[in-house]
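The structures considered in this document are given below.
One chain, subunit A, links the two complexes that follow: it is found with subunit B in the first and with subunit C in the second.
What follows is the complex of A and B.
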């Protein structure tokens, strides 16, 4: 209980710090970001609208503390303001759709990498010095030594552009409207392959090596030796005895990975023009769209904090020893 | 140590009683950067039906390696470099993987030293019994569970514990559960590798009496491995004493306790606490066992031996000094090679 309270306290503090930072950052930019923004809007909208917008964005001439409390109040009501680059769409609308795409991409890539990586690690450790074990680690190190950005571009260039196996951009084909139809879901899956695969290729190495090492130490446990002495089929010894135990520490790492999903795929989204949070963030930066930037920053921080909190709570459930601490 | 040429039944096997299992000139090495560790270096003994064979020696002398070689569950870097393990006339070391999996647990099962570590922490006790049964016999799940409950009752655990996970049981109960698993297929031979070492004295006594009772009721043979010779007093029929990868003495239990021949056996006996009375400080054997990468030429115990003399620089034969009592020590003429005899004559 004590442990949970302390963790909750920590997360509350972290949340407050990030909210406050988020308030000050645009205000610390050189020049007046507000003016810069408004300058871009000049001539496109009425001056009265601009004044209203300034007010709405909290870029008023009020004293700083008042701006701060206005900002907090807006956040409480779930108002992130209006996106400048997509006026007059509310920031929350943009975040909601891009949040979904980021989640889809991140979850797919993380889960696939986790499954394949652990399976390869299990097999590598089981047949130590065998084919998988001798080919995988050097290959993974080789792949891992290239900058991700470069790998992703390479994949996009050859498989997307040169050979035309996969689409070049976006999350679904623009001539299908979103619905639960087979056609649409298929299109989403098709668009997902390349960006997700690029993430899997770089993430998989960690899982393979991690699993291989825990698995090797698990294989020397007495219970694995006893399982073998029992004359059980190899598969059963490998999965039910060795791998199931070796997987436990990896599950924790998996949970932590989930927390980073939202912030993690930024480069991927940019390279593959995948309309997630990262892609939107790039657009927001380009267009000096401060409300959108702030909204995305906040959503990313809160997701990481939230995922970590969930992991902490889960850990308390999984490991009785933590409860007393 | 050379193997003395085998005269018929030189180990005192009663005429007509074929041994259940026979280990012949077994050699196992652990490949290490310093060179091969000769953990087991020419071990020969047999176990008869219904017999309890004790295997004792200081820790590190190769007892567990012998046990694991019999079931062929040694892990790399261990390699079996020589020998035969004959069960029912078949050499286990020659078996294919399928034959081996059939042989394991059905013919020989094993109780490991630490019950804490030999149970799978994420599987219930019941599942760990039934998977052993179902790997060897076609049996519907319900019947296998009934059998598992019966086995738990036999070793003194309530049947309701069948769905418990290992961490929900006490140390003693866990070791009982391991014994229940070992009994699952009613094997004729059970290897017990220090089955009570990790337990406190009271629990240790309970487990020992459970083992004796089960042996009485079910009549299987046991290879009972321990570093504590005192545990073997009550339970074993014969005892083999192992030192630095070799068996140095083998005799009937009573005879071994009353008239130990090898100086190492003597040392081991004076180093175990009296069963009654205060725990006195153990005298032990001064010195430590030799490096098994470069074992000394000649008798391996010589450096620590209080009765060392001239011939000990050559290897003694493991020979029958008295009927049914074998020893590898130059104190006994039967063990002396011509070379050793010469060394004695010269002085």
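What follows is the complex of A and C.
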């Protein structure tokens, strides 16, 4: 219980830091974001748009602490302001749809990579010096050396453009309207393959190496030796005795990976024009849409904090040692 | 010398102590002869050679590049030929010259950020680990907050607000990536601090500063160095990513801006693969050389991995197979026991 309380306090602090950072960033930049947008857009924005933005930021002639509390109050009420690039759509509306796509892409890629990677790691450690163990690590080091967004570019170029196997952009065909029909779900899955695969290829390496190394030290534990001595089937020793215990560190890593799911797929989304948070974030940056940009940053941060909290709760259930501490 | 393969259970020093001893051993090697260490290990030789080649290319870029990287020299989007080894870009620049010049900024950013991140990480982590108590609580808290805030979105937001330029990228990358090293070095310091030689240094009245940097630091040099290579790799990749998004300075020439222009000039959708392949390969080569060096450091300092490698070599040369036992194999001279 104590452990959970301490973690809660920590997450609250982290949330406060990112909110405060968000508050001070537009005030740190030279000039006023409102003027910057005005100058850049050359009269393409209405003055009321800028006023809405100033209001959302609490940018006014009030003293700084007053502005700060106004800003906090706005956030508490879930008011992230109005998107400048899509005036007068509230930022939260844009975030809601793109959040779904990011989650779909990130979760799919991470779960697939986690399963394949850990399985390869288990097999590699079990048959040390075997085919999987000797071929995988060097291959993974090699593949892991490439920037993942460049692999995505390469996949898009060859499998999307040159050979035409997969669609070039977006999350579903533009001539189907979103619904739960088989056709639409199929289209979504088809569009998901290439972005997800490009993430999986890069992510697998970490899981394999992590699992392999923990597995190797777990395998020298007495209880594994005991299980073998009892004459239990190999498969049972491998999965129920060794792998089960070796999985814990990787599970923690899975929690940390949640940050990558939500924020790290940013470049992949940009390459495939996948309409998730990352793609929207870049769009917001290019359009100088500060409210949208900061709203997305906050949502990503809060989600990561929330996800880590869930992992902590899970960890307490899985590892009795944490409960005592 | 003939050897037998036997397995040891935890007799004698425990694994952690062994690792500790090995780390101090590596510390001595680092101080005595870096070159010897590099030449003795195949992975280190490969890694260091690739890295050296890139450093030389970056240093002598004006002499190596046949054209000005920003000059219109031929028709746009020409395939690689004898005149233009890597072809030309969408605005008719020579891709080979751009790649050579790009080495400077990309590698430079990576190295500067790598060193900065390591220094900050070492200062924060070692201070926290050495003084413990209140100081540790505060520093660990700061470190963990930096660790948990997702770095890529933060990078994008920071880069969007600050004026574009080389030093902005350096600053932003350093701010977002020092925390990991600090955490690793803190836990290492915590365990080294319990060693007898630290206690004796404390008793003999040495200053904390001296104990941290002259007693403890040399004994965890391998981890610090490995962390630095990791940070350099991360920085090069992240810088390329930021510039690919157009958040760097698009008018300078680096591997990241090359990728940015390749995508923006539709190099991708006109079949001009040569506009984006070289930059990616260069990043991959540098990252690969860093991992090689890191694996070599790991091999030299981790007795488990070293005995594993020696065993594999022995098995290969003597055509024998390892038994079913799962314990870490140990090579021992037959005459010895």
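Points to keep in mind about this one:
Everything below uses one rule, namely that the second predicted complex is superposed on the first by the 280 of 325 C-alpha atoms of A that agree within 3 Å, B and C clash if a C-alpha of one lies under 4 Å from a C-alpha of the other, contacts with A are read in each partner's own complex, and residues count from 1 in each chain.
Going forward, contacts are C-beta pairs under 8 Å (C-beta built on N, C-alpha and C of every residue); 3 or more make two chains touch, one makes a residue touch a chain.
Computed from a predicted model, the values in this text were never measured in an experiment.
Judged by the touch definition given at the top, the superposed model places A:236 against subunit B, while subunit C stays out of reach.
Within the superposed three-chain model, A:244 lies in touch with subunit B and out of touch with subunit C [touch as defined at top].
When the two complexes are overlaid on their common chain A, residue A:128 makes contact with subunit B and with subunit C alike. Once the two complexes are overlaid on the shared chain, A:146 sits against subunit C while remaining clear of subunit B. When the two structures are aligned on the shared chain, A:225 is found in touch with subunit B and with subunit C.
Greater residue coverage of subunit A by touch, when subunit B is weighed against subunit C, goes to C. In the superposition on chain A, A:70 makes contact with neither subunit B nor subunit C. According to the touch criterion, the shared surface of subunit A, contacted by subunit B in one complex and subunit C in the other, consists of residues 128, 219-220, 225, 228. Residues of subunit A that touch subunit B in their complex: 128, 219-223, 225-233, 236, 240-241, 244-245, 248. In the complex of the two chains, the subunit C residues touching subunit A come out as 15, 141, 144-145, 148-154, 156-158, 160-163, 237, 240-241, 244-247, 259, 263, 268-269, 271, 273, 276-277, 279-280, 283-285, 287-288, 291-292, 295, 304, 308, 312, 315, 322, 324, 326-328.
Across the complex, subunit C is touched by residues 10-11, 13-14, 17-18, 25-26, 28-30, 128-129, 141-142, 144-147, 149-151, 153-154, 156-157, 161-162, 168, 216-217, 219-220, 224-225, 228, 259-260, 262-264, 266-267, 270, 278, 281-282, 285-286, 293-294, 296-297, 300-301, 304-305, 308 of subunit A.
Residues 68, 71, 73, 75-76, 100-106, 109-110, 112-114, 117-123, 131-132, 135-136, 178, 181 of subunit B are the ones touching subunit A in the complex.
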